[in-house]
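What follows is a pair of complexes built around subunit A, which joins subunit B in one and subunit C in the other.
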Partner chain A sequence: MNQEKPRGKVLVLGGGIAGIEAAMGLSEAGYGVYLVERSAALGGMMPSLHRIYPLCSCCKLEPRVAACEQDPNIQVLLNTTVTSITGEAGRFQVMVKQGTEDTALEVGAVLIAAGMETFDPSGVDSYAYGKHANVLTSVEYEQIQKPTGPQSGRVKRPSDGRPPRKIAWLQCVGSRDINLCDAPYCSSVCCMYALKEAVNTKDMDEEVETTIFYMDMRAHGKGFEEYLNRALDRGVRLVRSRVHTIEEDQDTKDLEIVFADEAGELQREQFDMVVLSVGLRPSQEAVDLARRMDLGITEEQYLATLPFSPLCTTIPGIYVCGGVKGPNDIGQSVVEASAAVAEIAATLAPEPFSEAPSAPAPSSPSAGEPAILFAYHLCEGMDQDLGDGMKQYAEGLPGVVGTLRVDGDMVKQISEKIKEYGADRLVFASCTPVIHKNLLEQALRAAGLNPYLAETVDLRALSPEGATVQLQDRVRMAVARAAFLSPPALKDVPVVKHALVVGGGISGMESALALAREGYPVTLVESEEQLGGHGRHLRTTWDGHDGQAYLQDLLSRVKEEERITVMTGTRVKENRGFAGSFVTTLDSGGRETTLTHGVTILATGAQPYKPEEYLYGSSEHVYLWSELSEKLIRDPAAVYEADTTVFIQCVGSRGDAHPHCSNLCCTFAVRTAVDLKAKKPEMNVYILYRDMRTFGEREKLYREARQKGVIFIRYEPDNRPQVEASKKGTVKVTVYEPILRKPVVIEADLVSLQTAIVGTGNREVADLFRVDLDQQGFLVESPEKLKPLDTTIQGVFMAGLAAFPKDSVESIAQARGAAARALEFLAKDSVQVGGLKAEVISEKCAVCCTCVRTCPFQVPFIDGSRGAAFIDPALCQGCGMCVAECPGKAIVMSMCSDDMLKGAPSVLLDTSLA
Partner chain B sequence: MIVAEQKPIRELVEMVKDFQKILVLGCKGCVTVCNVGGAKEVGVLASALRIWGRKTGRDLQVGEHTLERQCDPEYIEELRGIVGEYDAVISIACGVGPQFVSERYPTARVFPGVNTKFMGGAVAHGIWSERCAGCGQCVVHYFGGLCPIARCSKSLMNGPCGGSADGRCEIHKEVECIWDTIVRKMTEQGRLNELIEFKPPKSWTTARDGGPRSMIREELVK
Partner chain C sequence: MSEFKPRILAFYCANCASSAANVSESMSLGVPAGVKMVQVPCTGRIETLHLLKPFEEGADGVYVAGCQEDSCRYMSGILKAEKRVAQVKRILEELDIEPGRIETFKLSAGKGFRFAEIASEMMKRVQELGPISGG
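Up next is the complex of A and B:
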């Protein structure tokens, strides 16, 4: 199969986060990449943002830009546009224009990651943008919020430079609007960024009143609902109303917003400033190019993709990811970029520009006094004096030979300074330094040092009182610890070219296929007796493609793929090891198998919350949504007998037990309602909801449902619908209608409960693989941030519902993305292990078995040939228990030695113990 | 191995309270393996003494040293030039250690840091159990490989006695009745009839009852 693939390079169109991420992934997989960006710099939309929710990761962009610029396999072409693409998959000729110069590039595949633009509200009279001085777009507002921006982060009114005391955000400007803006879809990201802007405003000045005027608050992503709740706790005010008019006071330039409140009364309120939450548009350049090439385009003007292949355009060999294929947030764009790499790898063999350079072998630090480089990185918005103070203080500490403020390319700057100062150790200070761990290791390697000779200082969580003293203590302590570091042994361990995928639902099978088609053997483990997971009750995708036909096709592809070993009725019993070389024990009904594998993908799914409310379980008329979907697949006629169907949203979601939004339930309800109406127009269909979260292009279904006569009734969480058995043998649903302002009673033949999707089943597997779960039981992404497919453990990736509720198409993208991340790993021949690892000094070992007995991971054993205990560095987890327990002091951890533990506190407390 | 446990720190400080320079002396043999007298415990005890010294305003100097074994004179020799530097030595080897040190360095004040418990093994990490009473005439093969001398409260050769209930010994419910186990095991092996045969009283002359013991192997003695 592999031999048939043509070889080629790849052109990535668009240098935003999606393009950057894809280029890096492709380069890692061995491709030469042309990264074409029409502006003068890489980064796209991200540099204009002020912080990112729910966790800021702005600082992760610069290192990526730098990595692209330095990668010999990525040619960055700035100020460049693509004028035409001709040829076919495997052999494209792309004409690019840089200034007046045209160049032809030969590539095997093209990835369009051209991103999005924001809606320009100038043409819409009612927003008075450009007319009233104090009306800004959200992008402009973020710019002035940025500490590095034109106003140094001090928000002022354009009219008079006065700091605003009262700010309003207007949602859906250029979204969900067919009258004025010609954008029927929801832009998906604006609710969250408005909340973020409001919270950031509060961070600067708690007294500023922040009000968001909205239609539905769409916090449908991982951690979003929790962010929304925190924003409300901070006093961000939400008003459910679409604002029609903004009037300006001629003298004060204050703005008056005229709106209808929820009771339908007309209200007028004064604001100092109004921020328009502008929606997204696909990159016009890319859409024009697509039109010229006859690439499929959706009715919303985004690039169209194939059903169940969310990264493939209508032309083979041309792929798409990020905001140009639909309104996406950053996380989703990164996921898609990885998935696009897997798609490209499936059809094109890599052709690099050059072989990757190898780092010099690490040298040992000189025997003399330690020479420490103190480097620090300040986030924008951090007090600059903080850096100066730290630098000055560090310069006076023993062992420090130089200091460096890192700004931009971390790897290059640090490695150069290490060489310049002849340093042999590094102390690095930043906000949450763990997120830069990989880069620091790279920098040390590039400088020819052991990558573990670094200590870090966290600039977070300094209390305002005594911050200087605290910071000095931390810096002094880190420098002292660094001096005690001795380089740990490094060992190259061959990567086992085999993958384990846990979970045989759609995500698991898609991941397994993506890995297998690259030639790697895959073991696919499913605890149930058959594959399919929740796919078995997937009737259609949100855009109406047949779920069961897809599932059957997927199952047969898995069955036919000889590289996939399917093990159903099998659970993971034990896992040990390290990225590149895991050892997993599988239990198939009592029969145990041991598998060695280089990577793991966890696609263990999620479970629907089983409600006790709404007569579930006691009335045959009340279904879980998954049951209704299944019924529509197996016995649709029975469903169509119903004269009245009621969908109840947010059952168990967005409450105390499960605070998160389950993302796909609104779309499911609307999709099903539309289909019921299409088949049986006389059926009464009601959807009882809190916020309709038909985000992105799914909004068109919501519109279609209303057009077809589906009735939407909004309820408040403290006044939920009541479901009771009816005398007629059906059920009676009572709900308070906020527009009529009275309860209405619906006699329903069928009630579908859209219940929360919870991760309660992931605990066991998460513990076995030592990965973290969030409070809802979903897998947590890597602390490095902006790595939405990586778990907290290296070499273990996640896909599907186990990560967070999402629909099947997003799951497919995520599964292929996770496979691409895994492929990057499998492509390596060896991994270097070392660092925080326990090591036995054989001469001191009394072979007492204490380490053998205390290790929670069963790693140490008594090696007869050594006459001592042996701890495999590739398997050691670095917990340190054996080091502490060894009665002969025969086990050491050079990154955390006794000398360091004893010596550093003395430095901290400025005492010297005898 | 010989299993020991550390003496309470109060008892130890009472022993050495009049000394200023103290050497804590560990052993890499049995007491390291039973987590009571190796290099780690030397460090822990030495630290505890230093803390005590500071708390009580003493100007203590505590040294740390661990010998390969304290039951062989060659290793004890290693302390020449060291012992003289100290006012007291706390040996945390089994009872053999402090005696060997005392014999070799007649002027030294040597204190035992541990209580030697028994000859036994680790049944799990942190749990040790007696297996051998050193009776000088091993009989375990008569009893399914289990020793009633060390493990029966009465050292019965013909058991069990009337104090056996539910596999437990009458002296304490925590104590296994080894005779119960012996009977079960012999039954499993189909050798119960061997237990019917009367075992004559054991001669204790080879045990401690015969007085202090020593052993000479002529072929090894020069």
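Up next is the complex of A and C:
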């Protein structure tokens, strides 16, 4: 199959996070990449943001930019625009313009990642932007909040430089409106960034009053609702309203917001400053280019994609990801960038600019005293004094030969300093050092050292009272540990070119196909007797494409793909090994098989919460949403007999048991309501909701539903709708109507409960693969951050509902993205193992077999030729139990030695150094 | 001694550490400064001697924080640590030192916030016991 594909390089248009991520993924997969950016620097939107929610990962951009700039297979073209694209898949000619110079580039595929722009509210009367001094856009506000910004992070009023005490955010500026300048869609990210800006404001000064004027609070992503709850706990105030005007006091320049509250009554309130949460627009330049090329464009002016192929434009060979295909957040853009790599790989064989460079073989450190380089990285916003204090303290510690504050290109700076100081070990301090682990290893390799001769200091979780003491403890301990390190043995282990996909729903099947079409054999395991998962009750996508037709096609493609081995009725029983060489035992109804594989994708799904409330299970009129969807597929006529249908949202969601928002239920209810109304206009359809979260372009469905006469009634969580059996044999739904301010009673023939989607079924598989789950049972992403497809274990990736509730199209993108991450790994010939491993000193071994009995993974065995026990470093999991148990002290672990553990107390408790 | 500031040595496994640090960051929970931490790959790596050494060096308390048996990626690491902690408790008793000064704690995956709680719990316990008088 590979032979049929044309070979070629790839042009990525747009150097924001999506473009960067895609370029790196493509380079890793062997492609030469032209990364074209119209501005003077890579980074796109991200450098102008101040922190990222829910976990900040701003620091992840810098190393990526540096990596792109240094990668011999990525040619970064700044200040460059694309003027035309001609040709066809496999053979495109792209004209780029840099200044006055035009150049033609020959590539096999084009990825448009041109990103978005923010809405410019200038000249819109009601926002008074540019007219009143103290009205700012959210982008301007984040610039001010940045500690490295023009005001060193201190927020001041433009009119008089006074710090504002009362700040208001206005949501949906340039979104969710069909007035002249606004866009009809929801920009999807503004609710969260407004919350983030308010929380960051509180972080700087708890006393500042922060108020957000909004219509629906859309916290629909992973960890978002929890972030919203924390913001409320911090005292961020939310006012559900429609803002009418912003008036300015001539003398004080204070602002008065005139707004209609939920009951429609006009209210006024004074503020010192108003922040406009501006919406998103696709990059105009890219849309213009798309128009010239006749690429499909949606009615919202974003680049259109094919149904169930969320990365493919209407022209083969041209792909799209990130903010130019819809209002996206950073995480989603990164997922799509990876998915785009998988799509490109499916049609184009890689052609590099140059072969990957090889690092020098590590030398062993010189005998004698250890020489330690202490390097540290401060996140933007971290106290400068913290760094200075650490540096000074480290300089006084034994063994430290030099210090370095890293800023920018970590690999280059560290490796150069190591050479400059003649250091042979590294101690590195940062917030979340685990995210820099790979870079540190690279730096050590580049400096010609064993990559494991490093210790790290985590700057998080310092107690507010004793931060200095704690920091000094940690630095002292890390330096001492580094001195105790001896270089561990390294071994190259071949990567097993086989993938295991757990879960045979849409995500699992899509992942398996994406891997198989690259030529890798895949084992697809499903615990049920048939494939399909929740796809079996997918009636339609949010934009109306037939779910069952897609599923049938997907099932037949999986069946026809000879590289996929499907094992239904099969569960994972055991897993061991490591990225590159996993060993998994599968149990098919008592029959066991053992599989070795290089990578794993977990697509184990999630389950709808089965409620006890609302007569579920006791009334035939009350359906779970998945049941209603299934009914509409198998027996639609029965559903259309209903005269009145009621959808109840957030059943078991956004409460104590399941605090998260399940993301797709609002869209599901609205989509279904629209379809019911279209087929039977006289049906009464009610949707009882808390916040209508039809985010992004899904907003248009919400508008359509209202136009079609679907009635939306909002309820408060402390006053939920009541469902009772009715005398007529149907059900009676009572709900408090906030606009009428009285309860209304609805006689319903059909009630659909949109219940929480929970990950409770993932526990078993998570434990087997040693990956972390969050409180709701969803897979946690890698602590390296900004790797939404990687689990906490290397070589294990995630896709679909197991990661977080999302609709089918997003699941498909994620599945292909996870496959792309897995492909990067499978493309490697070998992985280097070593580091945290136990090693037997043959001379000391008395062959007592204690280690053989102790090891939880049955790794040690008695090697006759050595006359001693042997532990294969490729199989050793690095727990160190055998080291502790060995009665002859014949087993050592250089990364966690006895000397270190015995020496630690004196280092840590020594007050003379503190 | 009116103000006794205990010094505690904590051995904790790398698995707990990573999830704990993530959670504590998002919940702004800190570990008290008197708790000095030593990370090990698995609590099964810890030997009796490693647990006694801190007392010799002047620690007022020692604890081991690891995974629950059912979520330990090394399956039995914490059980081994528990056994050794029990042994050290007996040794302390023989030396007339309160056995409560050493403890094992088990955290289940995803309960990272317990990490900071445990540190404070142990701090409080040792505070109540006061400085080591026996031995």
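As a working rule, the second predicted complex is superposed on the first by the 885 of 914 C-alpha atoms of A that agree within 3 Å, B and C clash if a C-alpha of one lies under 4 Å from a C-alpha of the other, contacts with A are read in each partner's own complex, and residues count from 1 in each chain.
Just so it is clear, a residue touches a chain if its C-beta (ideal position, glycine included) is under 8 Å from a C-beta of that chain, and two chains touch if they have at least 3 such contacts.
None of the values given here were measured: they were computed from a predicted structure.
Novice: Touching A:473, do we find subunit B (first), subunit C (second), both, or neither?
Specialist: Touch status of A:473: second partner only.
Novice: May I ask you to decide whether A:887 touches subunit B, subunit C, both, or neither, giving the answer as first, second, both or neither?
Specialist: Touch status of A:887: first partner only.
Novice: Counting residues of subunit A touched by each partner, does subunit B or subunit C come out ahead?
Specialist: C
Novice: Touch check for A:866: first (subunit B), second (subunit C), both, or neither?
Specialist: neither
Novice: May I ask you to decide whether A:849 touches subunit B, subunit C, both, or neither, giving the answer as first, second, both or neither?
Specialist: It touches subunit B, and subunit C stays clear.
Novice: Applying the touch criterion given at the start, work out whether A:770 contacts subunit B, subunit C, both or neither, answering first, second, both or neither.
Specialist: second
Novice: Touch test for A:908: subunit B only (first), subunit C only (second), both, or neither?
Specialist: In the superposed model, A:908 contacts subunit C only, not subunit B.
Novice: Quick check on the superposed pair: does A:165 touch subunit B, subunit C, both, or neither? Answer first, second, both or neither.
Specialist: It touches nothing on subunit B or subunit C.
Novice: Subunit A residues touched by both subunit B and subunit C?
Specialist: Residues 885 of subunit A touch both subunit B and subunit C.
Novice: Where on subunit C is subunit A touching in the complex?
Specialist: For this pair, the touching residues of subunit C are 7, 9, 18-22, 24-26, 29-34, 36-38, 40-42, 44-47, 49-50, 53-54, 56-59, 70-71, 73-77, 80, 109-110, 116.
Novice: Could you please specify the touching residues of subunit A with respect to subunit B in the complex?
Specialist: Residues in contact with subunit B: 844, 846-850, 853-854, 885-890, 914.
Novice: Name, in rising order, each residue of subunit A that touches subunit C in their complex.
Specialist: Within the complex, subunit A touches subunit C at residues 54-55, 431-432, 434, 458, 460-467, 469-470, 473-474, 477, 766-767, 770, 772-775, 780, 783, 792, 836, 856, 877-881, 883-885, 893, 895-896, 898, 901-902, 904-906, 908-909.
Novice: Note which residues of subunit B are touching subunit A in the complex, please.
Specialist: Touching subunit A from subunit B are residues 28-29, 32-36, 38-41, 43, 50, 122, 124-125.
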